[in-house]
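What follows is chain A paired twice: with chain B in the first complex and chain C in the second.
Up next, the complex of A and B:
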C-alpha cells in the first residue's frame, strides 16, 4: 500500500521536480558565471572587499528560487488531489488518515529538502572556489532563510490547498505570507542568522497545522 | 492528541504572525519614529543647548533652562558646529575666551566620532577578514592590498585574493613578529578601517587573549608592531580606529563594562572618557571635539546625557535631557489595547536580526478583557462558537489577536466551500 502511495506521489510530481531541478541548477550556474565574470573584470581583492565589507550578496538572485520550488512542488502534489475532492478517495483507503498525510508530507519535504541540500552544496562550492572559507560559510548561512522560506512555502501551500472554507483559506494564506516575509527581512549577509533557531523551531507547528486542514478536508469542512 | 496539537500549532503561528505584522503596520500608519535630540555644549552660553525634532521637519531649539531660540540664534550659540553658516553671515572671526577663531582654524581643530550600538562588535554580522594596507612613503595612493588577513588560534594568516590561497611568507613574518612582541593567540578583538577612503592608514589595533592591545601596521611589507602600555588587562568589547588628520588619538577602546578610552597619539596612553552607566550594546555615543572643548553624548532609551570637558578631558559640565515620547497618549494606549505583545526581528541596537517579544502596558489588560467579553458573546450566537478552556487560555494570553485566530479556527464559524 505504501509503495502504491509513493508511486502515486512520484507520478504527480516527477515532471515538476525535473523542472524545479533545472531551474535551481540554472540559477546556481548563473551565480557561478556571474562571479567568474566579475572576478575577470575586477581585481580579486576588490571583489572580496565587496563580499566581506560592503555586504554584497553575490547569490542574491537565488533568493526566491527555493520559495518558488516549495510552492510548485506543493501545488504539483496536492492540487490534483483537491480537484473534484479526489483526495477523499485516498483518505478512505484502509490506513490512518494522519499516517497517510504524514507519509505524503514527508515525501514532499524530502524532495524539497534534497533540492535545497544540492543548492546549498553548490553555493558553498561555488563560493569556496573564489573566496575564503568564511565567505563560503556565510553565503550558505545567508541562503538558509531562503531555504526555510521554501519549506514554509511548501507547508503553507498544502495547508491552504486542503482548507475547504474560503475565509479560513485566505487567513491561512495571510499567516503564511507574513511568516515567509519575515524570512526575507534585512540586508547583507547573515542578517537573519541569530534568529534562525527561532524561525527554524516554527517548522514543527507549521508541519503540524497541515493535519488540521487534512482533517477538515476529510470531513468536508467541519 | 494530534488534532489538538495541530489546531494549537496553527493558533500559535497565526498569533505570532499577527503580533509581528499588525503592530508594525500600526506604527507605520500612526508614526512612532523618535529622533534623537541633538545635544551640544555651547562655548558662548557655557551650558548645553539642543535641537529637538517635532516631526515633519519642525524643530525646537532650546537651552538647559528651556529658553527657546530661532535657528539663526541657535547657530550663533554653536560657532564651532555651524562655522560655515556663520562665515556667510559675516559673524567670523569670533573671539571666544580670548582667542580668535576663523572658519579655517575651526575646521582644522574639529573632529567628530560616533559609535552606534548597532555597529559594535557582536551586534552585526562581520566576516573577520581584513585588508592590511602597505604603508610606503614613496607611494601617494593607498593601494588595496592583494592579501587579506585573519586570525586563527595560533597565527595571523594572510590569504592571497588572486589565487585564493595562503601566503606563507607574510603569515610567517607577522605571526613571528607578534609572538616576539608578546602577543598571546588567539586574537579577541580586531579594530581598524578596511577602506582606502581615508586620509592615511593607521593599521589595526588588536586585542589578544590576555587583554593586551597591539598596534599592527604594515610598513614596506614588513610588520610594525607596538604593544600598548596598559596598567592592567582590559576586557575589550571593541576598538574603533579614527585615522583623523588631527592625530590627537589613534582610536577608541570600549570595554564590556562600558568604559571608554581614547588611545593617545604618540605615547599610546589611555585617556578615559567620563561617561557614566554607558552600555555600548544598547546606547549610542558621540564625541565632538572643537578648538576649546570636548563633548561626549550618550543616547539611551530614556535620555540623552552630555558631558562637556576641557581640552585636557576634565569634566566642566554634565547635563541629562530626558526623551520625549514621540507618540501621543491616545496612540500609545490604543496600541497597547490592541496588541498585548509584539514580536520583533529588528532592534535599533542591532545591525542584524534580534528576536524580541515586547509586552504592552496596562491598557493591554483592557484589550484582553474586551476579547473575553467578545468571546463569550460569540459563544451565544447561532451557530455557536463553543467555548473551551484551551481557547479561553489563548484569548487570556493574547487578547484580540488570540480571539481573531480562535475565530478562524472554529469549526462552524465559517461554512465549508465544499
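Up next, the complex of A and C:
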C-alpha cells in the first residue's frame, strides 16, 4: 500500500521537483561562475583575504533557495490535498492515518533532503576547486542553516496547510517564521554551526506537530 | 439480521447550534437506506460522523461494529465512500487512479473499474482534472465499485449530474445491491431517484429522525387534492401534515383517510371542492412531510 502512497506523492510533485532542481542547479552554476569571475578579476591574495578575513560568503546568493524549495514542495504535496478537502480520500484508505502521514512526510522530506544533499555536494566541489579543504567544509557548514530553514519551511508549511483552525494556523506560521528567521540572522562562515545539533533536534517536535495537525484535520470534519 | 450502522443517542452541536439531539437509528445489513432532509439539516454532517471525519458531541455511532470516530483500516477497507462533490485526485489519469487504488485494496477488481471507464470512451491517459463533473463521478463510481465493499456510503451522489449519469448510478447501485448482503446508505437531493433505489427512508428534520420502509411510507402517507375558492391557510396538525397551494389547487398530505380529511377540513371551515386522493411520488411525500423551505 505504501507504494500507492508514494505514487500519489510523486505524481503531485514531479514537475515541481524538476523546477526546484533546475533552480537549485542554476544557483550552483551561478556561484561557480561568480567565483571564477572574481578570481579572474582580482588577485588571488585579495580573494583569500575576502574569504578568510572578511568572511565573504561567496554562495550567499542561494541562501533563500532551500527555503523556497521546501515551501514549494510542501505546497505541491499538500495543497491538492486540502483543496476541496481531498485528503478525506486518503484518510479513508485502509491504512492507519499516522502511517499514511509518515509515508507522505518521509517522501517529501526525502526529496527535499536529496536536493539539499546535491546542493551541499556541489557547493563543496565548487569551493574545493579554488579553496583549501577547510574553507570548502566551512562553506557547506555555513549553508547548513539554510538547508535547515528549507526543512523547517517544509514542515511549517505542511502544518499550516493541514490546520483547520485559523488561530492555530497563525500560531504555527509565527512560530515557524521566527525559527526560520533565526537561521538567517547571522553573517560569516559557520556562525551557527555550534547550535546546529540543537536546532536539528527541534525537527522532531515539528515533525510530530504535523501529525497532530493531520489528526485535527480528520477529526474536525476534514 | 445484524445492523451495519447503529446510531445511539447521537447529539451534535456546531458553533453552539444543536444539529441533532438524541438521534437513534440503525441500518440493517442488506438494506438500501436513503437519508432525506432539506438543505442544512445535517445529512453531510451525519455522513462525516459515520466516517470518522467528525467527532459527535455525544452518543455512539457504530459502523460495522466499530466506533465511527475510530474506524480501523480493516473496517474502512469494507466501506466504499463517495464524498460529496465526487472527490477524486484530479492530478491523476484514469490509469494512475486505477494503479493507486489497486495498491490500496487487495480485493480490487480492475475489470469492474475499466468496464465503467470504457463506457466513457475516454483514453486511459485522460486526466481526471480535465473531465466533466459527470465523467469524474463515473471514475469515483468505478473506484468504489472495484473495491467491492460490504457497505456503500454515498453522500449526495447526484450533485451536478444530468439524468444520464444519475441513471447510470442507479443501474450500478441496483446491480450492487442485488449481490446480496451489500448495504447502501445514500443521501441525495434528487428524491425521485431514491424512490427507484431505496427500501428504507430516514427523514431528517430539525435534528429529529423518522425511519420508515419505503413501501410503508408510500402506502400510508397520502396526497389529496382539492379546489379552494380562497387562500387556504391550513394549520399543520395531526391530520394535515403538509400542504401546497398553487392558485386554487391545494395539495394536502396526511396519514388519515379521505373521510377523516374531509371532516377535518369542514371543521376548519374550509370548503374542499372535488376532494380526491392523488398519486403521490416520493418527492411529493418528502415535500408534504418536510415542507418546502
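Going forward, the second predicted complex is superposed on the first by the 220 of 222 C-alpha atoms of A that agree within 3 Å, B and C clash if a C-alpha of one lies under 4 Å from a C-alpha of the other, contacts with A are read in each partner's own complex, and residues count from 1 in each chain.
Following the convention adopted for this analysis, a residue touches a chain if its C-beta (ideal position, glycine included) is under 8 Å from a C-beta of that chain, and two chains touch if they have at least 3 such contacts.
Computed from a prediction, not measured in an experiment: that's the story for all the values here.
Judged by the touch definition given at the top, the superposed model places A:123 against neither chain B nor chain C.
Of the two partner chains placed by the overlay, neither chain B nor chain C lies in contact with A:148. Using the contact criterion defined above for the overlaid structures, shared-chain residue A:139 touches neither chain B nor chain C, since it reaches no partner. When the two complexes are overlaid on their common chain A, residue A:185 makes contact with chain B while staying clear of chain C. The larger set of touched chain A residues comes from B, when the choice is between chain B and chain C.
After overlaying the two complexes on the shared chain, residue contacts for A:67 are found with neither chain B nor chain C. When the two structures are aligned on the shared chain, A:164 is found in touch with chain B, with no touch to chain C. Overlap of the chain B and chain C contact sets on chain A: residues 85, 220-222. Against chain A, the residues of chain B that register as touching in their complex are 2-3, 5-10, 12-14, 16-18, 20-21, 125, 127-129, 131, 144-148, 150, 159, 161-162, 164, 194-195, 345-346, 352-355, 408-409, 411-412, 414-418. Listing the residues of chain C that touch chain A in their complex gives 45, 48, 51-55, 69, 73-74, 76-77, 79, 81, 83, 85, 87-92, 96, 99-105.
Within the complex formed with chain C, the chain A residues making contact are 1, 3-4, 7-8, 11-12, 80, 84-86, 88-89, 91-96, 218-222. Against chain B, the residues of chain A that register as touching in their complex are 43-49, 51-53, 55, 85, 98, 129-132, 134-135, 138, 159, 164-169, 171-172, 174-176, 178-179, 181-182, 185-186, 188-195, 198, 202, 204-212, 215-216, 220-222.
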